[in-house]
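Input: one structure, supplied below.
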Amino acid sequence: MSVYKISDEKFNEIRNEILATWPTGKDIDFEEAIKYQQVIPESKNFAVAMKKAAEEKRTLLQPRAGVALVPEHITLLKYLETEGEADLLPTTIDAYTRLNRYENAAEGVEKSLNARTSLLNGFPAVNHGLAGCRMVTEAVKSPIQVRHGTPDARLLAEITLAGGFTSFEGGGISYNIPYAKKVPLQKSIDDWKYVDRLVGKYEERGIHINREPFGPLTGTLVPPCVSHVVAIVEGILALRQGVKSITLGYGQGGNLVQDVSAILSLKALAHEYFEREGFNEYDLTTVFHQWMGGFPPDEAKAFAVISLGATVAVLSGADKVIVKTPHEAKGIPTKEANAQGIKATRQAVNMLRDQRFPVSEEQNIETEQIKKEVRSLMDAIYRLGEGDIEKGVVAAVEAGALDVPFAPAVCNHGKILPMRDNNGYIRIFNKGNMALSDEIMAYHREKLEERAKVEGRNVCFQMVTDDIYAISKGALVGRPR
Amino acid sequence: MSTPYNIVLGVIGSDCHSVGNKILEAYFTENGFNVTNLGVMVSQEEFIAAAIETGAKAILVSSLYGHGEIDCAGLREKCIEKGLEDIILYVGGNLVVGKVPFEQVVEKFQKMGFDRVFSNEGSLDEEAELLRKDIQERLK
Amino acid sequence: MSVYKISDEKFNEIRNEILATWPTGKDIDFEEAIKYQQVIPESKNFAVAMKKAAEEKRTLLQPRAGVALVPEHITLLKYLETEGEADLLPTTIDAYTRLNRYENAAEGVEKSLNARTSLLNGFPAVNHGLAGCRMVTEAVKSPIQVRHGTPDARLLAEITLAGGFTSFEGGGISYNIPYAKKVPLQKSIDDWKYVDRLVGKYEERGIHINREPFGPLTGTLVPPCVSHVVAIVEGILALRQGVKSITLGYGQGGNLVQDVSAILSLKALAHEYFEREGFNEYDLTTVFHQWMGGFPPDEAKAFAVISLGATVAVLSGADKVIVKTPHEAKGIPTKEANAQGIKATRQAVNMLRDQRFPVSEEQNIETEQIKKEVRSLMDAIYRLGEGDIEKGVVAAVEAGALDVPFAPAVCNHGKILPMRDNNGYIRIFNKGNMALSDEIMAYHREKLEERAKVEGRNVCFQMVTDDIYAISKGALVGRPR
Amino acid sequence: MSTPYNIVLGVIGSDCHSVGNKILEAYFTENGFNVTNLGVMVSQEEFIAAAIETGAKAILVSSLYGHGEIDCAGLREKCIEKGLEDIILYVGGNLVVGKVPFEQVVEKFQKMGFDRVFSNEGSLDEEAELLRKDIQERLK
């Protein structure tokens, strides 16, 4: 395996370069960071918490949250922890930091200070530096994770991990294609190898750091096979750099059977491919994201979407659920709205914690279908990479053999068109160049024709648009008006 | 529908929300506009350059991610600077951070020089209709 | 069948007596009422709406609502119809009227007028009389039903049906045992025969009136077999008097599989026994009640309970769902809170309307189990009644062969103790005198022992108390603290 | 726990909510009180008669269904009339119609002469503790 690992020499070279890109970088000292992490109590370690959740078959609750200034951010997190009863805490990073625009972020901090309210859509961790991060991680009792969307997160990782965070979201594909425009895929993958290697170095020193590829991608009609492949590939890339604790994610699609099948198949497939790549020692857990697409503006309706997501999360046996809020359609939530989302989720999760979605014929069919599709895409990746997954995924994305719907990145093909079938399953209407067999596509087509027949219209692009709006307008399948 | 009007479309700043942008492009194109879509993460300069290049009658700016206030400030002034005194500026999406009463948002962005300000709850039919009218008005 | 029907002579005798019990009774003229009902548009007929829902496989939404004064009640209903998007409207009757205490209700109306707010917990339809009821039913566009809890509802039925309502909830058992203290069961059954006969008379004149036995009973850990038997018996008693449109109800228990199985078995069993009693011409539909026990006081948590109820309602294929509100734990909801409950329900129902709970092994087992239990109880009723269901049910309740948990009525045995098993199914811990076979009880016991083992305590009364509090404290199974 | 105190329990008026009442009976009995439970739909007269008959130190009135204000008015006066000047009156449940701030409810019922007023969110342990203290206080 070590053939894939970034060498120490190379690593240190990059490190010196990276730490110099913003003044706060100079405070980072790896040995000091190890010592700092060593005294963080186990109850605050994210990797440990995820492993325990899986063992105890519990579904942990985690919100998203981040504001511009340190004291306000601490107040927010403490509120979510006590009043909101969150199990795991986040620190969501602002969009300037995500694009390494630390000057813009600094300006945002400044303006927020003057406006006495956060004008940034997240916490600018790089600008606040080691001291700021440590104030945050020390102020809370729960494990805490960095959540962002950063194609080049090397400096962010250095600062936040040294700052006491014990989990880091993202990956070279999942934090490029949905989040960036012009970043070449090989570039983001290389930069994320650094992040994973950094985590590997912590692991080598006995510090467990959880890594979580971003499952939902664009959050909009993403077929399970697409996000599964990205998750599995990013998992392998992380394992190659020495990562040990991996949480793979999936964003709620809307059909209960498909969603449950997705979580089940994700776990099974990941083990299959991780082992195929020669990995045996790792902790694999899953995370279910409540509905990631457009939300209904009405708060009562938003609560229903949140509760339904919570329901599927727990019934599928996901180890963690990422919680939305009743403000989702409108803007960054207040701390109260954020806590409301967690409370609704808590109620649903606790009411259902002793239940699982019963195994059915439909579920077996869909689980097998997803597996077939993922294998078809993975085969193409191995083929295009001549056996190597990294080379393969870059080539596959370039060729459109793997294609993420509605994504902003120019490196992405963008020809795939997904659409719901008559029961709300996400199917593929136009595969673009996706490496899916005729047999697979015939199945999708058949399912879509069923819907077209019911709606008395042909399978058409309008259906895609209707489906995108559907949940925010109060339905799942976008029926003609 | 007579000759199609040229319009420029894009998501401003460091904003990556591409779904609405793709829908707006499809919708305005289908409804008889000649759309230059700059996609996501568009700077003020890029908007203006494209408007000049295409002789656009209007720029439709989207901002979803909350930094709209910071990203949009000064766009009207820059337009004037570059000789686009008459260009129609629309802006829409989730324009500020947080759930803020929409009237306040409208006021804020009108002060910045936007002709019309839209939330994410509007109807595209009405929006296209308004745009057509506003352009015709300006052309008189 | 006609042997069971109240004779016209007897009916008229009672009618004269009943209409004289409160001044507003004298305005009732059946022929005039028929004429009035004849011009009510079909779109406002409840029986038609229910039939259509079943045909179109839709789940209709209905709130509960009622305030003291006519204008305020109209404002409330219109709000729920437009802003709340309710499909069906209610008029919930106040508790004094339910006990025929029209003087107290009059006092409540008076005090409400002075206080400028409703001091009654419902709409006192008898006091407002024909004119008041017609103002209400004419003001709305949707089918509208009387919902109450009245052991002797004869006058209420006369006034409200003549007043333009097209559905009437209740029954001789379901509106006695959970709602009254000292009313003998034979008395309430006789009085409800009158109500059903009145509905039958409307049907004979071509006016469809929907009848809905009250499914949830005490709303607290009611095993499906208990409420199913009451529903089926009341259905038969109604059919005997000429009722044609019947909606049988069930209150959410909390375990998804059990709830879905309950709706499925309720429909199948009702057809089975209705046919056994010689009835073939009737419209049978089902109604699912969102959680009827103690609610969590926190509104976000209440939304989760509401959404979960909506989810099960639609996945089970129930034709109607009765909606709770985020104010449930605290008091009669404002119209806004009431609309919020409907909106959350609407979102969940619409998102899931193209899906059904997939058939599973667990579901088949539970459906068969419920059927077995219901048949065991029905057998006892037939046995005790020497073939007659009415006589049998009175004897069965007296003997405790049929027993409703936690009920206030002294005519009810009150020895049954239900309790949740380890997966949240409602099982029977102590059957009292219930006519359930040893085989059935052995199954329940086995399931409860499973839970006891997990919790490290013996099956005990404390579990019952813990289960009663569970949902309001944020769980389903009341685990030891 | 010394000799058990006699208390009277019931749900007032036309109120049929029996679940909480059954729990209160079980709880107070288990916690060393001598409970006379009148069940649901209890009139003021029945409460007083039972209190006199059992020599109760306290009457625990429940009202869930919303008519508590109407049903409870005058209970204290009637108690005094019947010679129960010192009896402790507790009331609890969903005392008024609608979701009303609890302080307002407390004020209303204290004015009516209730010694303590409880919502449906209280802890039975604390409530029993208070009752024991209040009774001991009165006995001094």
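Per-chain numbering from 1; labels A, B, C and D assigned in written order.
Basically, a contact is a pair of C-beta atoms (placed from the backbone, for glycine too) under 8 Å apart; a residue touches a chain by one contact, two chains touch by 3 or more.
Because the structure is predicted, anything quoted here is derived from the model rather than measured.
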Graph separation of chain B and chain D (steps between touching chains): 3
Mean-CA-position distance for chain C and chain B (Å): 54
Centroid distance [mean C-alpha coordinates] between chain B and chain A, Å: 30
Chain A-chain C separation of Cα centroids, rounded to whole Å: 45
Touch-based graph of the chains, sorted into line, ring, star, complete or other: line
Chains that touch, pairwise: A-B, A-C, C-D
Residue numbers on chain C that touch chain D, as the complex places them: 95-96, 98-99, 101, 104, 107-108, 111, 117-121, 149, 178-182, 218, 220, 293-294, 297, 327, 329-334, 337, 406-408, 461, 465, 468
Chain C-facing residues of chain D, complex: 13-19, 22-23, 26, 39-41, 65-67, 69-70, 94, 96-100, 120-121
In the complex with chain C, residue positions of chain A that touch it: 254-257, 296, 298-301, 303-308, 310-311, 315, 326, 339-341, 343-348, 350-355, 358-363, 422-424, 471, 474-477
